[in-house]
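Multiple structures are listed underneath, in structure tokens.
What follows is chain A paired twice: with chain B in the first complex and chain C in the second.
Right, the complex of A and B next:
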């Protein structure tokens, strides 16, 4: 009986190792192969090179002229610029509106509050593709030309909910007695808000903003439908590359993107650990 | 006097806090969805767009009645819907199978390791979805990593067709949806009262009985929650089938995309999207019923 139990424990442990291998082996592979010099078969290791990285930044490299794979560095940088522009706007708008909504629901009671809360969850549960085409029909019907503006609006329509939820969770864990103490000591509402509520809510606001930023940078489906023909964001650029056939420098692009998102995520988790 | 101005001030504060977001969501979330609903009942225009006429045949083409003058009922649409449903359900089951045992192991680790494990599981969620899918193209394609390993171990002599299959789509979806399933399941497992498990064993239940009658019901809320948040994005997904299914395996999402960006039959595409939304709403309805019933049962259990 005891040995059977051990088999179970060892089995579960082995399973968990496999679980993490499944998650991380692909990531390790892509990073490793981004340094592979074989331009034809990406999985055939033929030597170490920085060429693909040089290639995406438009630097001189040993890849011969007729093997120029990337569409153009210009396009890539343009897509990156678009993504950052969109993310800057959506993060700001969604953070302000989402935080305001969370504060409103935290401080006030009103008729239909529960229903309102459910309504705020709806954009997160809506399948991407449904919201994407609904926005496309809407913008085309309203005669708005598709581009950065429509992408920003479209992304905000679901990012507000994400920020709202993160900030609400933070507010729910807050100590209400501090607020009462502040009022008892004669602070007016604005002072209490500025000196007590806002500082306590801040980690939630930062967390919500980071989440909004990451989701915005990564959004593909909704952006795909409402970006129009001329505007590409980074995920759409890569999606297009994949559909046209895979080229080796995409490994390098992917590695850089992984590095970037892991850095942002670690930053977020660092903030969270500090608040605890 | 002061109470009425106070109330007025509170009302204006509430308006300032909730007004902008409410207006934004009313215009750019609810309004587009309503327009899409209306659109799905309009007649497709000859050159894209829609004619302002009631036209239920968009649904007819999918569900079995159609206007024979223009287009026929084609069972291919319902079969694509059923295939999407099947792939989404298998994805849910596979993700659960992958996450459930790992959640048990991780819940029993010492705190430091536990936090590190949770960090490792959530980290990929922050990485670009398209990048994570692309990796699987490299792994599954004919000259890819999986075939290299299989050939190296002499398991296969010819490279297998791994990519552009339903299996590839399912693997890709499981990979990207792991954090969605893991976190709710883990939350349930973490809360599991092990004294009940020991009680069950003391009372003579065997391993299977203990699992099926005690452990599984107690972790069911996490299982159901995780299943729903995996099922919803899986059903209407078009990125994963586009990347890993190629043109060979079509799902509902790809069909909808075609109607909007290829065939330019927007009302038909809107009708298909309504189908996705109906399925999601049905699932959420059952979930709310499940939660409500659980709420009723809770005092009895206690």
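Right, the complex of A and C next:
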């Protein structure tokens, strides 16, 4: 009996280790490889180096012509600038519209509200590739030239849903009697909205905004369809690099992006814990 | 300007039920609340207590009838324009504001000048015994402290009337009793009317000047605690307030007294001084409170009831004897602790003879409550 339980415990422990290895090993390897000085075979550790980081920032060019992939740092920085521009616009637009929608649905009852809610969920469930093609056909049909503008509009069409859902979840957990208490103490509806509802929805708004930002920075499939030929975002740029083989610089870029996502997520958690 | 701070005139409210149909939460209620009065609303769950409070505070729009506050018809005014404040059952403190801002909320809305505002917040917190806790957040307070913050927040704007919806139900027994006294003192100090909702009958009896017993959207009786207890107007009130022995039967005259003959062969004698008097042959219910029984010997004068003892409970102040008549009717009697020897011998016998004074028996029109209790 006891030994059987021991077997169970050991088995469970082993499973847990395997599980986390499965999830995190590739990420750990990428980070490790980004510091590996061997330019040809990443699996072969030949010493520690910052070269790949120096290289993506155009600071150093020590490696042989052969190993060098990044044609120009300028191109990389341009893609990064595009990504940040798109993310800034989409995050702002999606946060404002998604929050307003969530607040509207929370506050008012109207005919077809449930159906409307389903419509807001739909873009999240739709396959990216379908959404991408649909947007492309729409933009081409509407004769809009592809570029940053179409990426922004296209991304907003599903990011609004994400923000809406995060803010709605926050509002759903809110105590309705607080609104009664506020009215009871003499506040009209607008004041109650400003002083009670909005401050409490705020952690949800910030969380939704960070989520929208990360998804926007990260989106490849949909953006790929609607970016046009000369506009590259960071994911598209990296994808392009990959097609010509996995080069060490990619590990460095991936590690930096990881660090960045981690920072954004930490910021989100910090806000959540601070605002209760 | 009348003497009443609140008047409800034929207040009626029905809610539509999701499964179809409606439920009438208020059934043409007339209610006058005096100035400086501590009025308690008592009734079983779902009887309409919260709805009645909400009709006064404005969260419920009446289907018919009027609400007057201090003489003004406020039936069509939204909650934020009624001179009434509420202590909510779950406190409803604003979680993102500290205690000072919670308490000062009404003054901030009204645009009270900063210095006066701070001074009044301090005074209100002092009044409820929380001086200096301005900077705490609600979640950093105990249940009892949150309760006090809710109280301070509700009285700071000096409302004409304070509504309290089961404000003590979440507190443990000791704290609840302490708060009962404090609330009563506070009400006297502030000199405003309190309408206090509870479904705890003991709480209702201790606290109120007057007591309104509600059932199914109708006020069954409204009077001083003493009168409601001693002279309930119907069997529902009698059974809801305090423990009671109810004997439903048919009335018959016997000398100056009335005899109630029950179906299981008991004859309860009532002197009927004042109160309702049934005619000969009318259906009536006799009420005998447990403490009106006494232990008597076999040769006792006056009416008695014989019971088989099931259990004797010593409460510290007295003995509660639980038993039943030969026909199975349950009886509760309360005997003073000084009669310990008699109680002990009765307990040893397993039988007791309970005497009562016909003058202490109260007669009620039979509304079926007693029969329903028997069946349960």
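Note that in this section the second predicted complex is superposed on the first by the 266 of 276 C-alpha atoms of A that agree within 3 Å, B and C clash if a C-alpha of one lies under 4 Å from a C-alpha of the other, contacts with A are read in each partner's own complex, and residues count from 1 in each chain.
To be clear about the criterion, a contact is a pair of C-beta atoms (placed from the backbone, for glycine too) under 8 Å apart; a residue touches a chain by one contact, two chains touch by 3 or more.
Predicted model only: the values in this text are computed from it and were never measured.
Using the contact criterion defined above for the overlaid structures, shared-chain residue A:38 touches neither chain B nor chain C, since it reaches no partner. In the superposition on chain A, contact of A:269 is made with chain B only, not with chain C. A simple residue count on chain A separates chain B from chain C, and the partner touching more is B. In the superposition on chain A, contact is made by A:128 with chain B only, not with chain C. Of the two partner chains placed by the overlay, only chain C lies in contact with A:180; chain B stays clear of it. In the superposition on chain A, no residue of chain A contacts both chain B and chain C.
Chain A meets chain B in the complex at residues 12-13, 15-16, 19-20, 22-24, 26-27, 29-30, 33, 41-44, 97-98, 100-101, 103-105, 107-108, 110, 116, 119-120, 122-123, 125-131, 133-138, 141, 153-154, 156-158, 160, 164, 214, 217-218, 220-221, 225, 234-235, 238-239, 242-243, 246, 250-251, 254, 257-258, 261-262, 264-265, 268-269. Residue ranges of chain C in contact with chain A, taken from their complex: 57-59, 78-81, 84-86, 88, 90, 92-96, 105-106, 109-110, 137, 139, 153-154, 157. By the touch criterion stated above, chain B contacts chain A in their complex at residues 10, 13-14, 16-18, 20-22, 24-25, 28-29, 31-33, 35-36, 39, 98-99, 101-102, 104-106, 117, 119-124, 126-132, 134-139, 143-145, 148, 175, 178, 232-233, 235-239, 242-243, 253, 256-257, 260-261, 266, 269-270, 273, 276-277, 280, 284. By the touch rule above, chain A contacts chain C in their complex via residues 175, 177-178, 180-188, 191, 196, 199-200, 275-276.
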